[in-house]
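Going by the order they are written in, the chains are A, B, C and D; count residues from 1 in each one.
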Amino acid sequence: MASRATQVVPLEDVVVECHDAKTYRFSADGEPRPGQFLMLWIPRRDEVPMAYSYLRNPMGITVREYGDATRALAAEAKKGYRVGVRGPYGNAFAIEGTRALAVAGGVGIASVIAAVEAFAEANIPIETAFGARTKDELMLLDRLKVAGAVHLATDDGTAGHHGFVTDVAAKLLAGGTFDMVLTCGPEVMMKKVVDAANGRGVPVQASLERYMKCGIGICDACVLDDRLVCADGPIFWGEALAESKDFGHWRRNICGQRVKA
Amino acid sequence: MASRATQVVPLEDVVVECHDAKTYRFSADGEPRPGQFLMLWIPRRDEVPMAYSYLRNPMGITVREYGDATRALAAEAKKGYRVGVRGPYGNAFAIEGTRALAVAGGVGIASVIAAVEAFAEANIPIETAFGARTKDELMLLDRLKVAGAVHLATDDGTAGHHGFVTDVAAKLLAGGTFDMVLTCGPEVMMKKVVDAANGRGVPVQASLERYMKCGIGICDACVLDDRLVCADGPIFWGEALAESKDFGHWRRNICGQRVKA
Amino acid sequence: MADLRAEVAGVKLRNPTLLASGFLDETGGSMLRVFNAGAGGVVTKSVGPEPREGNLNPTVVELPVGLLNAVGLPNPGIADYEAEAKVAVSGGAAVIGSVYGRDAQEYAAVAKRMASYDVLAVELNLSCPHAKGLGTEIAQDPEAVEEITRAVKKVVHVPVWSKLSPNVADIASFADAAKRGGADAVTAINTVKSMAISADLKMPVLKNGYGGLSGPAIKPVGLRCVYEIFEAVDIPIVGVGGIETGADAIEYLMAGARAVQIGTALLRRGLDVFPRACAEMSTWMDANGYAKVGDLVGAAHGK
Amino acid sequence: MADLRAEVAGVKLRNPTLLASGFLDETGGSMLRVFNAGAGGVVTKSVGPEPREGNLNPTVVELPVGLLNAVGLPNPGIADYEAEAKVAVSGGAAVIGSVYGRDAQEYAAVAKRMASYDVLAVELNLSCPHAKGLGTEIAQDPEAVEEITRAVKKVVHVPVWSKLSPNVADIASFADAAKRGGADAVTAINTVKSMAISADLKMPVLKNGYGGLSGPAIKPVGLRCVYEIFEAVDIPIVGVGGIETGADAIEYLMAGARAVQIGTALLRRGLDVFPRACAEMSTWMDANGYAKVGDLVGAAHGK
């Protein structure tokens, strides 16, 4: 079990992606695949799950300043700052199909970016529909564009489609040529994407988020129905999600109580 | 460290070698080399060191019925009887030189037999001088003879030279053609062989015995000067033994007290 | 074919490998899944009177020799837990309900409610080493163990298993205290109080500082505890600590356990740990002439 | 280059890695060899008033997670040990003399004699978990620890280190007892009471049944004990339990130890364990800006 011991690593680079998100680069053991995640120990604060946005050393994670710990990290972390990482954990996106569409919302892009690149590397054409609240929050665009066409949406209309990325995705799906969809973002968004893809019979993979403690499939904190987001997921197929009672509706709070999503 | 866990194995064969010694065969993990030993757990009795007289599965040890535990083993053990083994431990005979002489006394043959065969396999001519109290105790002769010439001695003259094997060895060494000697047997015998070989400048390896507890170089029970018979030995070169204050003179008792050998 | 059925103080189990408390048992769905994967039964997460968040992360550290945790008893509280227990029980799982409390009354109240959820037995977590003020003292005070066990026995109709801590000088005296309190069985052991330190960060890795060690490192400790209790106290024992294989389980049974629990080994073997351990037990028993689990219990004590 | 010199209650050591009691220290030749291989000092085998055979074999079991032993305090007795100590001391080794006894008087008598062999300090083995009647009770009775320490302090002029058992509910209270008795330092920890069972033979593997676990499995326990003592009691600590690498040693120092002892890791690294651990410490200290060992001591307690 030694392979997934906590590794304390110095940050080699901190890149500001937008007003409330940064990418942190570091070198660690392990060979994450697209969509997998690590547990990020922010010393004295918390340990939280983060997707790998860069897979090879220096690996990277792209973190939105969301609550206490992520904000403290953003405030304190500069080159040389040390964090703990353990992983890679969870399953990975299946890189398959003949024409793929990635649908990302906000920092959800951090989870799909490596997959988008992997599709491109596997010579499977991939397009990305990417939405955010405002133009500034449209991160990692350079890498997305190298991999394939990018369709943007912003809530405030500062870039791309003025409105929801789900509308953009629906239109693209209606084109009928995609045979693989992947998605990561707010659960309401993913629910729409999954429903749309399922409705058209297109295979869809969604990367889910749940409150995580162990990250390794033992504590039951991250349960979705009777599956573990940390160990059976974080990526689930649309078929399974169609049967889920929890997806889009329920989550567990930190005490394990089932509460409205 | 898992590799040297105690393995409980059923005996696959029990061969009576003479009135007070038997060979026990069993299959176990590990790849012993000539001269190495194992710790033999005789359930409910004791755990004692034994040289491998057969190296490959079914491995074997040839045990003289000496004290309580070895006698109990001889009385109880038949095919299917279970013993514990852990090993291989210790160093091995160096299979080198161009013409070798093995000098064995009594059950000491158990420790050199595999080495004698290894010399033959390496196409290094080897002869064996083998002494025992009486003819019946001259064990494992078939294997010795396949490997090379065998010169016998018995205290009672029932086979070979009537007298000490050391006399036989001295005569052979006087021939002047051996450039490697190995020996195992009572310490007084080995002392003579080592002195003789050292005197002629012929490299000599002796397999020593000391009281052993751990067998793995931590408890200090088996110390010879400042070397451990279990870990630095059991095989020592004549050069080192020439400097030894203990060899042929002192041993440690079970309490660790230094007592006359 | 060896008969793997086991029995602990009247609780009948289809096989002797139970899910240990704290692993995939905060929710009914997970418990049912573990049972359906082949566990002989499942012990619930330890549930208390109120919902509880547990400790802040990091709460878990993977070490080369085992797992260190200080989750700190997160649980949804006994009221919400009814729905979870129901999913598992109505799905057919053999469920043992684990509970904790601050004192004997609280234990009794929670245990009573837990028993009403149709669990086969109640396990008292008297031993969690890291929840401050919620067990540390209890775990190390035989009188508290006796008193709590007695209070619970008064109000529940199902068998009561008292789960003991190894972080004491003499675990057998705690088994004896549990017995005096009326326990139907004891479970041994909970985790061993431990710590991991990050030199790079100059601090303990767990947010809580201290934690409990489980997995391979504690198997020799658990075996010793079960053996000691078996020698000293006439009470059924459920063994737990570092069990992964059928061989491990058999060693615990021979030390004196009537059934075993498995937790950390989920990390290495996943849910297959249960059917695999059972298959290994069965193969070994057939090869060695043991017809049923009971024949193994305490076998290492024969002189 | 980091300065690796260490000091424990006035005992100056060229580096903080000592040989633990029970390893290659029954004889003077071996102790000198270990010291010459690079250990900062050597602790002798625990020596008692009379020669003692110890337990019958098997006395040692190699487990995947560590070593289980019940050697049972074999030793040549304090009279014969004079010659051994002399070889090591006159050879230049820094020797700490470990002793045991049945009661305070015996401890004092043996310790007095040991001190006369020019050892730098005396370590009291108050904690051997397997010698029946020779430590089990002492190890678990703080008053005995205090009384013995006091009796020894009265008769020896060198510093006294009281070595504590982890097989207790609260090791810090034992450190406190040692301090009350006048101990100059405490050593923590001795082995963790454990057992290995052979299913094939239906019996414990050790002839003695119970034994003490050492090596990797107990490192998290030892770290916890040192950390706990450091928090609770103001007394120098020598850390021991599962230390193999420089990183392990640094973690112990940060937990609060001023020096460490190494035993079981000899199995994996041989005598090189000492120079290797020291080199690793030195490299890490240089890279992380620590000039001397003292700067590491207790560093993990800073909030």
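In the analysis below, a residue touches a chain if its C-beta (ideal position, glycine included) is under 8 Å from a C-beta of that chain, and two chains touch if they have at least 3 such contacts.
Predicted model, so just to flag it, every value in this text is computed and none were measured.
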| item | value |
| --- | --- |
| Topological distance between chain A and chain D, in contact steps | 2 |
| Shared chain contacts [chain A and chain C, defined touch] | none |
| Farthest-lying chain, centroid of Cα atoms versus that of chain C | B |
| Whole-Å gap between the CA centroids of chain B and chain C | 50 |
| Mean-CA-position distance for chain D and chain C (Å) | 33 |
| Centre distance in Å when chain B and chain D are each reduced to the mean of their C-alpha atoms | 36 |
| Chain centre separation (chain A, chain B; CA means) in Å | 66 |
| Chain C: positions in contact with at least two other chains | 63-64, 66, 196, 200, 203 |
| Category of the chain touch graph - line, ring, star, complete, other | line |
| All touching chain pairs, where touch follows the definition stated at the start | A-C, B-D, C-D |
| Interfacial residue positions of chain D with respect to chain B in the complex | 22-27, 29-30, 32-33, 45, 51-54, 56-64, 66-67, 69, 71, 74-77, 80, 83, 196, 198, 200-201, 203, 205, 207, 215, 263-264, 266-268, 270 |
| Chain D-facing residues of chain B, complex | 1-2, 4-6, 8, 39, 41, 43-44, 46-48, 82, 84, 86, 213-221, 223, 225-226, 228, 252, 254-258 |
| Interface residues, chain D side, partner chain C - complex | 63-66, 68, 140, 167-170, 192-197, 199-200, 202-204, 209-210, 213, 216-221, 223-224, 227-228, 247, 250-251, 254-255, 284, 288, 299-300, 302 |
